[in-house]
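In structure tokens below, several structures.
Common to both upcoming complexes is chain A, partnered first by chain B, then by chain C.
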Partner chain A sequence: MRSRRWLKAFVLLFTVSLIAAACGDSDDGDTTAATDAPATTLEEGQTGTTSFVSTTVAESEATTTTEAEPEPEEMSTAHLLRPNNVPTEAQRGGTIVLGYAGVINHANGAVSSGYAVNTAGSQVNASLLRWSDEYQPVPYIASEWAIAADGLSVSLTLNPEARFHDGEDITCTDVDFSIKTSQANHPFKPMFAPVTGVDGGDTKNCTVNLEQPHPALLVAFSPGLLPIIPEHIFNDGQEMKTHPRNNTDVVGSGPFKIVEWETGEIIRYEANDDFFLPDLPYLDELIIDMVPDGATVTLGLETGDFDIGTGHGGQDIVDAQNNPDLSVSSKGFEAIGSIPWLQLNLRDEILSDVRVRQALWHAFDFDEWNEIQNSGQHRRQCTGIQSQSPYYNPDAHCYEFDLEAAQALLDDAGYGDGFELNFHVTPAGVTTAEIMASQWAKIGVEVIIEVVPDFPAWIGRTVGEGTDYQVTYTSLWNWGDPVIGVNRSYNCNNRVAGVAFSNMSWYCNEGLDEILNAAGLEFDPELRRDLYFEATDIINADVPVIYLSNQVWYTRMATHVENPPESIWGFMDSWAEMWIAS
Partner chain B sequence: MADVETTESDQSDAPDPRRHQPPPKYQGFKMFMRNRAAVFGAVLMIGILVVTYILPIFITDNKNEIIAEKHLAPGDEGAPLLGTDYLGRDVAIVVMNGGSTTLKVAGFAAILIVGIGASIGAAAGYYGGWVDSALMRFTEFFQVLPGLLFAIVIVALFSPTTLTIVLAIGLISWPGIARLTRGEFLRQKNLEYVKAATAIGASDRRIIIKTILPNTMPVIIVQSSLIMGAAILFEAGLAFLGLGDASNLSWGFYLGLNRASFLSNWWAVTFPGLMIFFTVLSLSLIGDGLQDAFNPKLRGR
Partner chain C sequence: MRQVAAKIAQAIMLILAVIILNFFLIQIAPGDVVDALAGGPDGAGEASAEVNERLRETYGLDKPVLVQLGIYIGNVARGDLGESFIFNRPVTELIGARIWPTILLAFTALAFAILLGTFIGTVAARKPESPFSAGITVFALIGFAMPAFWTGILLLLLFSVQLDWLPVSGMNDVRLPRDAGWLERQIDTAEHLLLPAVSLGIIYLASYARLSRASMLEILESDYVRTARSKGLGERSVMFKHALRNGIIPIITVMGLQFGAVVSGAILVETVFAWPGIGRLAFDSVNRRDTNVLLGILLMLSVTVIIANLLTDLLYRVADPRIRVGGEDRG
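Then we have the complex of A and B:
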């Protein structure tokens, strides 16, 4: 009898371990408890549901002119971001494998946004300009460009050699077609909203016409934001978003050609021997290996299966920094400007009081959060404009961690005894929610964490009609220029139910809108910067969101990788200049 | 085996069985106490209840407080007794507070399972015929559903609150007890005492609830303790996958949250895991003891 009982106990033990093992098996596909996962997995823009408000202000006098710089005698290297690190003939060639966590469906950045599409697309497609890590435009398809004195047109001279993979010349018709495609399909409406058309036809001297000055235009000419796609291929009346040539038999004009594409598995590129820029690309072959999760990327980098991969801070980065076979760079992706933040719903009765919102910010301990969540690797960020941007104000008013000040504000608002606050997160945000629960408990705020299973459910919960969420954790990207990626979160008329990354706080300050609109039209960099300083001061006083950090996107790579993509667009720039040191 | 065979009725000098003997007082309790494993289970359970419901009252009012560096092992300098987790919380305090969530879900789920299962089983067994066929087909439908997947779908659809988790566990776990109850009812409805009750004109409702059900209770109670153990494991499985209340970390949820750092942070996974193991073990041992106490015929089986 007794032995049976022990048998029973043993069977129980076995069952427990079996269940644990079964649960462990699901690790790969499941993100629920990825506590050391990157702070943000809501890679925004992925869904293509983003919508923006266009800046529409009556004509204002434009004043400034920007001249194209390339001097004729430097033409040979003006197109290079790294003219001082060029491989010898013997060092050229070879294959680089990028480990990518996720699925890339197509390579046409003119119809949808997102890190995945842009990374894959910028290798096969070229754009009018590239941008250096110093926020300076670099000639690409456009070898010269000039903005008219009134700001209402931009003239472009296309590289005479510029041609598509099928040998067809790139002309103004293609530029016009690409912009119109973006206007009709791309979620970032403000990028090209003021563009009325492109003159020049089948020549290489184009004029982009604008209905109002648009200083953000040159940034919008970046590889990820405006790939120049062949009009003669795509202009066949088919729906652009689902056009078959977006991922089969792709004809671009970039440094690489796609020779194999298995969605969810692999994209294989080979060098475009007929590339219009001399001596590029340096590599023979480029492979994007799509894997299910970040852990696989980490493993692949450690075993040497992958040469390069990204990472957003945390233990993985620390491990890579300590690995002699790998090097880690924190440069690149500055234009992405990913800012994790706490979104506050101003329609909520408690949160409608600005003192409560300020108190919550005062009670946020950045150092503790950064240490736990990111192994101390994020930068402090006090405004909604990314800290590497020329428009970022390093002296902006920041709410320092101060529990007494927070408590005083709550007392003043009549919430001195504390209150409950619901906090909606996807599984990837649970750690941050737990940290906030711990921190805010010190001022009597009891956080009720509500985990929503995935991104679509999160959208439904936070921007759905009549949502009663109070706080949520998200991360928004600047996308190079405030007009493209910043205004949308604060503009009164972008309070749109059902649209992801709209004005999710339901915040409205008409004075602020006027300043943001004026900044969107201002060519003078100093004046423009001052306007953004003023705007961010207003936003910080009103606290529609609590900025947590400036997320650093790291590049992890094998030590033999030279010229990793470190421009402001990071991986979303062309990889033509990468080479392998022997 | 000796203590089983030497029951009182086996004694050769036993009183004349034809004379009515009142059952000895506390017979069931004594039988339970004679099962040493069951006593161990009961003591374990009392210990778990004290740790879960009484100790936290004296220890802290902020169960989520971050008290030290993350990933401090037990015994490290400045580390609390059971170390700290991935945030720097005291593992002991989180585990202590986690018990009430786990036990609440498991307890309510067990009540729901017994409620649904016993009702359906009783109706099927008592009425027989087409009622039985219909209810058993219905039961079989739930029996063949892939339980964990079905529960995951329910919880994911309706957000992971305590209520939905209890409902999910209840909905997929009742068929076993329904079949058991049905079997008991089928057997007992033809016994003399039920026929007697029918003969004096008792209504069906009265016979089911007041006549047969009390006689099936021993079986159901024994089964309930095992069901509660299964419900704890089920809750742990769901929570491990992230389907749980993130504000009130159950043992399974906490285990799941810590699994990413399992290799470097074994203590934060081990202690909630041990709590699950000991709770289920104690329930199983108690169930065994109850079997002995309630059901002399099955004693030792």
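Then we have the complex of A and C:
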């Protein structure tokens, strides 16, 4: 009897499941097609410009609206990255679910770097500026900005409507507090190192004072690098890195409010109806569903449980490209500039010889590695500055795959008979290590792969003065400007024992340091670019690292997703302009 | 009574030993916890030495290991398992929030395994030479051989991806309106529970089927069963009223011993199905070196196993009066 009851219960449950599954995808949305809003002149003005021009909105409008008085609706789109893809009134609303593989533990990007924190944080927090696809600043909390002629201050006019979710106005006090919080807690010290303070108090006209010119400052005002956090909430004497309001009862000023945060499971946002930018956000609800791994994200996208997720190449991307219900974009995330590379330890006797390092690069077969590791979906990269950056040198010297040249260099260095090389990797890097072992074996280099279980263990083996690693696999992110994310890997004074992602090669070239420092102070985009080109040549001659690729960040999404986060900051930008096509 | 008190004292000592062992096991793992806290691999973050030092101080990681252990044991004695390094929340709060989904999953899986396993084992024992009985043996072998996570992936591919009948992950549909009714939520949870519970339970179902079959085969040969049959009792009554009562004793024993294994198995299954239980929390904590949470989970699992064994002892006495009487005699 009992077994029959169980059987009945199972059948009932199964039937209910079937019904629920059948009903799950119903869509009551309007089926009206999207209507393109008129393109704004601002976007036209920005097209083709690839330098970090310091300007004001007023100036940029002046250059783009010379023939006619701007229409009111044109004026209202200055804050949009996608002004020509705006939903109709009927198309607004709905819910987007992001499948995220991992854990997001808080939403305060002022105290820590990272894609996870800043993806979540940029929806609840706003920043001073956003950035267009052409690397141009776009108004956000700051509606106007101007850099002083001497480069020692930046004036900001905050949006008069800008306020936090609790109704408090955003003022210069909050800007000052946010920058100071970043200075004290954020790992990217160069971002605000030259900032001495922010004047303006409880007004909306601020002056950011600098001890030296700092061209990277406007990039540092991006979402994901400097969220403006409420001073009246956080300035209570508690430790900022562990402040409870980083993930509980979060008050920001972004397009969404967090209404539910189940630790390690989901973050649910609702539209901020009082958002200071007009008509945004387009969605009613945004959900980040945290799952343990990328495979679950892939399954969720295939079954429609998730609307959007990222990917870094490989079979998942190929499958998504072949799935008619999904679309794949390789646009966006350019400012992150993720570059996987092989880190060489220059303190090692063998690797201290530049000819050996050059030989190892010559023996790297990018095509084979890319095919095996990434299903052919990465791009070749020959510098530490990502290829969409205004400072990227497309003609940088690259060591072509040439085993004869490699062997000749080894012969010249006295290692013609080969040698052993240890290669420390986390499980994520094992495939690369195995490919390199196979490739370098062709020039007599025997690679001994040593797998460490996780990130802290890897740090323990590869960072610091006493480490005995020879080669390791890692990935460095540019973070928008070379001053923030690139210099750290090469500066002599950043050879810091025990600190992750410092100058782990222990490489030092004082001439290079001078060039990098000069570039960090140079406002003229042409001169700055020339300096980085020169720096690139020096680094590539010295080969402290072997660049593997320009890692492409793919966005996988349901075909109904419009305006996916494809800006230079990708998912770490505001999702306010995303909408759902019926 | 003295026996029970002795067992409880033994359990407390065991828990203390487990705390110390776990603490040192985590300490000897290579690498520095602060590196995970300051800049994880996803962020490619570069923490300054100053920030590292401050974090070390904040979490008391700058103190000597033995001092840290002493503080930890003292805190545990007061019911304080510390703060999560990653989530900045009390470990008890995190475990408290995740324990119920794990209990739901583990009990559903166990109930499914015990009830169905015992039933089919008992039925198979009636005719040990029948194809059905042979099939049970084969099924048990296959069930044992299939790891729960692999079964889970296969079930996922079939029922979620190919047939699109059941959800892929989680405990509830995140799109379910927040004001959805109670019944709607329960049905939704049941839908999400089905595949993880079957994945986790199937290995134990095979185990119980085989165990109950073997146990019943032995009991059906015993004198009192023969007597019951000779008195003219119906086969169903003989099987389920007389034989099964004794046949179930080894199942109770195994059930108690297996409870810890089920919860441990849940770690893998919860990871496959993104079930928001202790297993997921453990997985995330291992990945992020959240040592306080890990220690808390290990302690909780140890206590669970110890309590389950204690309860098994007690249940044993209820099921078999001879043990109770024997124990009293010996006491």
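In the analysis below, the second predicted complex is superposed on the first by the 506 of 582 C-alpha atoms of A that agree within 3 Å, B and C clash if a C-alpha of one lies under 4 Å from a C-alpha of the other, contacts with A are read in each partner's own complex, and residues count from 1 in each chain.
Please note the rule applied: contacts are C-beta pairs under 8 Å (C-beta built on N, C-alpha and C of every residue); 3 or more make two chains touch, one makes a residue touch a chain.
Just so you know, these numbers come straight off a predicted model, no measurement behind them.
Participant: After the superposition on A, what does A:E562 contact: first (chain B), second (chain C), both or neither?
Facilitator: neither
Participant: Report for A:I448: first if it touches chain B alone, second if chain C alone, otherwise both or neither.
Facilitator: first
Participant: Considering only touches as defined above, state whether A:W458 meets chain B (first), chain C (second), both or neither.
Facilitator: Once the two structures are laid over each other on A, A:W458 reaches chain C alone.
Participant: Let me test your reading of the model: by the given contact rule, A:I372 touches which partner, first (chain B), second (chain C), both or neither?
Facilitator: The first partner, chain B, only.
Participant: Which partner does A:S438 reach: the first (chain B), the second (chain C), both, or neither?
Facilitator: Once the two structures are laid over each other on A, A:S438 reaches chain B alone.
Participant: More residues of chain A are touched by which chain, chain B or chain C?
Facilitator: Counted on chain A, the partner with more touching residues turns out to be C.
Participant: For A:R268 in the superposed arrangement: first (chain B), second (chain C), both or neither?
Facilitator: So A:R268 only meets chain C here.
Participant: Quick one: is A:P427 in contact with chain B, with chain C, with both, or with neither? Answer first, second, both or neither.
Facilitator: In the superposition, A:P427 touches chain B alone.
Participant: Between chain B and chain C, whom does A:N247 touch in the aligned arrangement: first, second, both, or neither?
Facilitator: Second partner only, chain C.
Participant: Quick check on my understanding: which residues of chain A belong to both its chain B contact set and its chain C contact set?
Facilitator: Shared contact residues on chain A: 2, 13, 16, 20, 24, 452-453.
Participant: Quick one: in the complex, what on chain C touches chain A?
Facilitator: 29-33, 35-36, 38-49, 51-52, 54-55, 58, 83, 86-89, 94, 97, 115-116, 119, 156, 160-161, 164-170, 173-175, 178, 187-188, 190-191, 194, 271, 274, 276, 280-281, 283-284, 286-289
Participant: Taking the complex as given, what residues does chain A use to touch chain B?
Facilitator: Against chain B, the touching part of chain A is residues 1-2, 5, 8-9, 12-13, 15-16, 19-20, 22-24, 26-27, 30, 32-37, 315, 368, 371-372, 425, 427, 430-431, 433-435, 437-439, 441-442, 447-453.
Participant: Would you mind writing out the residues of chain B in touch with chain A in their complex?
Facilitator: Interface residues on the chain B side: 1, 4, 37, 62, 64-66, 70, 86-89, 156, 159-160, 229, 233, 236-237, 240-243, 245-247, 256-261, 273, 276-277, 280-281, 284-285, 288, 300.
Participant: Would you pull the chain A residues touching chain C in the complex into a rising list?
Facilitator: 2-3, 6, 13-14, 16-18, 20-21, 24, 95, 97, 102-103, 105-106, 112-117, 185, 187-189, 239, 241-244, 246-247, 259-260, 262-266, 268, 287, 289, 291-293, 296, 299-300, 302-303, 305, 338, 426, 428, 452-461, 475-477, 488, 496, 498-502
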